[in-house]
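Letters A, B and C mark the chains as written, and numbering starts fresh at 1 in each.
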Amino acid sequence: MNRRGGLATAAMVLPATVLYTVMLIVPVGLAIYLSLTDWDGYSADPAFVGGENYGEVFADPQFQQAAFVTLLAALAGTVAMNLLGLGFAVLVSRTSRVNSALRMVLFYPHVLSALVVGFLWGAILGTNGAINSFLTSRGAEVLPFLSDPDWATVTLIAVLVWAGFGVNTVLYVAGLQTVPQSLLEAARIDGASKWQTFRHVTLPAIAPVVTVNLVLSLITLLKTYDLVVSLTAGGPAGQTQTLAYLILWNSFHDGRLGFGSAQSVVLMVVTAALALIVTKLRRKADQGAAA
Amino acid sequence: MRPARTRGGRHVVPVVLGALLSISLTACGGGFADEGGEGGDTGSIRLLVNITPNLTQDFWEDLVAPFEQANPGVDVVIEAPSGKGVSDTLQQQLAAGDPPDVVETLMADPALAPQLVDLSGEDWVKDTPLVEQAALDGKVYTVGVGEQAQSLVFYNKDAFAEAGVTELPSTLDGMTEAMGKLKAAGYLPLQTAGDFVTGLQLLQLTDPALAADHENWHQDVRDGKTTVGESMLPYLTLYRSWIDQGFIEKNALGLKYPDAETAFLTGKSAMFIMGSWFTATEAKADKDFEVGVFPAPVAAGQDSPGAQGATMAAPYMVMKATEHRNLATRLVEWLVTDEKAVAAQLAQDGNFRTGVEREFTPLEQDVQKILDEAPGKVAQGEGYGDSTLPRGFGAAWNTEVQGLYIGHTPEAVAQAVDSWVSSHS
Amino acid sequence: MRELATESSVLTVDTAPPAPVLAPPPADTPATARPRPGSPPRRVLRWALIAVVAIVMLTPLYLLVLNAFKDQQDILASPFGFSGGLTVDHLVQAWSNPRFNIAKGYAITILFVVLVNVFSVFLAGPVAYVIARSTRRRFRVLMLFFLAGTFIPSQVLVIPVVYVLKTLGLMGTIPGYVMFETTLTLPFSIFLYAGYIRTVPTDIDQAAAIDGCGRYRTFWQIVFPLMRPVVATMVILNTFSVWNDFVNPQTILGPSSGLYTVTTGIYAAVGQYQTDYTVVFPTLLLAIAPLLVFFVIMQRHIISGLTAGSTKG
């Protein structure tokens, strides 16, 4: 490579690399550094406290609860979004007017943003919301969608799934359309049932799409924040706080930036670890598809 | 890894990264308690305020308009919180190095004090309400417009009459008894809610009883003479028993503050524990019954009425980083001393100030009487002045008290609160 | 959607080019050769399922539209129907809310969407090209370096980013916000672009080089025009993520900049008044209506564009 070529390459690589480093890598380093201090966010003398924050993080009952809710939402939500996504993809994969309208109906919540979705469902499921107003006007008991911790957790996950599985559906539809016609034809001639064809031909063929969807759902759900703000505000009794919500609360409401940063680092590690585990587990299936 | 090749470019990334990291880390350690400047007679003053159903953005704009007219070239910019509230927003702004000039609603605490202008030298601060109680180490950082009475129980007079409650409860046992009668008469005895209301109401209710046992409860907690959990346990137990007996709605956590106000004002519930600002809401509401008020009861054997929980109404602080210290200070002086400005703020949010006459509703007259008759006034929540609990106590307490609704035992709640306080001290 | 980049693909970076994740959808012929809906009971079942899911998905929208025209009492008394008259008063009020000028929110958000998309393409395209065309280890490492960014939840990152932007003097400014949002789009854009460019034959580059084109010009004039599908996909993804972002504009723009996006505006207008349904429904309706209309008109392009670009990558 001559000097001019080297310069051109540098001009192509450096802007993105520098920006990425300054805006993403440096902040990650900063978060790690801050997690070792007791900084409140503005005072002049943050003290270095070593791993103390991390010890406190794991002993903190609020963190334990938030970690439980976050993991539950991520795992249950991932399973639900992908089962529904794949199921409806099969249902609407044929190109037709009805099907394309249906895809739109399934996908539209993604256009609304999680914040709007939360406010909207809050107005529907709240104690004075549409459903409970309807029930009480018929003399029935109020359903504690958002006022009982178990209900509220399930409600939160259900709304996450409602708002998100349309994206999975669209991706699965695209995946299904790549399955070679000849394979399906062959399976049919061999007398395979529909389920057998799906299980042994379609599913292996779209394995990489499944992996993409699983990891996508998982990463998105692990950082659930906006919906908590607008739907439950972490309540009742702080039982539906997610990790992202708790981190920002600790950092900005309680002024414990160091403590919050330690939680951030934990969340980053958990996210990366879970994504890697899923990929490892799916690796065999993916390779089967490529072969 | 393959053997390193000898091209200089390889090391660019780590070097740049290291340099940038060190720049930003230095920036962090450098501290942000910027000293601003005194500033001239003109400019724009940013005022971060609390926005509530009573205190709307329009109210604030109108409030400061006369000040702007009297001071040509001065523009007071009302800033509404972008976060959950004033506290979060100020914290974010401080972190961003972009604090407002004046902050309303918060009280100075030791963590915040280095960011605030010391107003002790100003003559006019001496006559503002609760100014001594709110001082830190004898220094005045926060000045307010009036006082909010906190420990009030509003009640539906029709409901009390219907249930045959003829004497207003002066003890907590008496209150429990009244609740039984109210429930039998078909009312929800006590209106509660989720949101921030749950913990606030229990604090308001217990101020008088706590004050009888601890002259300065906050200080005793700080000194380790008692813990929050230990001193609150009897009342947590009482509250839990109210939930179990159906005196409090078990689904109340699904309600927000305005829902609770509406439920009480539409006659669904018989009692509502709230601060004096509720009188302003009451004055505006259409309703077909009369609202009365009595001071939060005391525990058995204590003198009644007990001390009244009292907080500073519309407290203001001037941020040290302001470029217009003189102007900002003058704005605060005007807000807490100008007769019309004070009266407008008191009326808008149902607050009181000795010596300031304004037109009272009958309910406000009752509250004024309770304030006059109270044997003392005590701090509430995180407290103020030198004896404060860690920042965020109010929210943490609220969360734990809500646990009573979802099956946590009073003992577990008390323990959780104590462990929060000790880990945040 | 930003996180669409997946570890599965990370692992294939070393064995370029990665296996196609999604292949091109054939134009007309349905590839999943499902026989036309079979026996009558099956058909009934299918339609019943479709009806149920349509109801579950659309009821919130129905409630939103209907209740935006009603009084609070009316909403509480009969949320699913009418008991009183309809009114546009609350919509008018929501429109003239001083805390949330919806037109201004739209204008600012559209500006952000445009800027982030332009900068994202401008920055990610060239570096993806270099990575795709190089066999050097250092560029494979660079790819991994960028991909690591997909695992970092931006909600968590925003706190330290505040200090970086503050150091640069860019807190509460449009450039600061656009820089951060653009950065968040880089990892996946680079990944997707690089995968796509690998499917473009290198002969084209060589021919250009013979014609005397430098590397930079080769990319922009020869290769980039071939990348339309993948750029379209990224633009759609980035548009969603910028449009829907809440915590980043909330934190970085703050209250003093006077700048708000549609989401932070909605939060300011609705957050404190969640119990007043005459604020909630009209504000939400006004805030999402233009976007929904746009989505319905463009849905075919949006949904197919979303997947088309990943066909080869």
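As a convention for this text, a residue touches a chain if its C-beta (ideal position, glycine included) is under 8 Å from a C-beta of that chain, and two chains touch if they have at least 3 such contacts.
Bear in mind the structure is a predicted one, so any value in this text is a computation, not a measurement.
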Common touching chains of chain C and chain A: B
Highest C-beta pair count, chain pair: A-C
Most centrally placed chain - per-chain CA mean versus overall CA mean: A
Rounded Å distance, chain A centre to chain C centre (Cα mean): 14
Chain A and chain B: spacing of chain centres that average the CA atoms, whole Å: 36
Chain centre separation in whole Å, for chain C relative to chain B (CA means): 40
Interface hub residues of chain C, defined as touching at least two other chains: 159, 163-164, 267, 271, 274-275
Touching two or more other chains - residue numbers and ranges from chain A: 17, 22, 26, 30, 34, 126, 128, 257
Of all residues in chain B, the ones touching two or more other chains: 9, 13, 24, 28, 83-84, 92, 95, 259
Residue ranges of chain B in contact with chain A within the complex: 9, 13, 16-17, 20-21, 24-25, 28-33, 83-84, 87-88, 91-92, 94-95, 111, 114-115, 194-195, 251-255, 259, 391-392, 395, 399-400, 402-403, 405-406, 408, 416, 419, 423-424
Touching residues (chain side chain C, partner chain A) in the complex: 1, 3-4, 6-11, 19-26, 28-34, 46, 49-50, 53-54, 56-61, 63-64, 67, 75-80, 123-124, 126-127, 129-130, 142, 146, 148-157, 159-161, 163-164, 168, 179-180, 182-184, 186-187, 190, 214-216, 219, 240, 243-244, 246-247, 262-263, 266-267, 270-271, 274-275, 277, 280-281, 284, 287-288, 291-292, 295-296, 299-300, 303, 306-307, 310-311
Chain C residues within the chain B interface of the complex: 98-99, 137-138, 145, 159, 162-167, 171-172, 250-251, 253-256, 264, 267-268, 271-276
Chain B contact footprint on chain A (complex, rising order): 10, 17-18, 21-22, 25-26, 29-30, 33-34, 39-46, 56, 60-62, 126-128, 142, 144-149, 233, 235-239, 252-257
Contact set on chain A toward chain C in their complex: 4-5, 8-9, 11-13, 15-17, 19-20, 22-24, 26-28, 30-31, 34, 88, 90-91, 93-95, 98, 100, 102-116, 119-124, 126, 128-131, 133-134, 137, 162, 167, 170-171, 173-181, 184-185, 188, 202, 208-209, 211-212, 215-216, 219-220, 222-223, 225-226, 229-230, 244, 247-248, 251, 257, 260-261, 264, 267-268, 271-272, 275-276, 278-279, 282-283, 286, 289-290
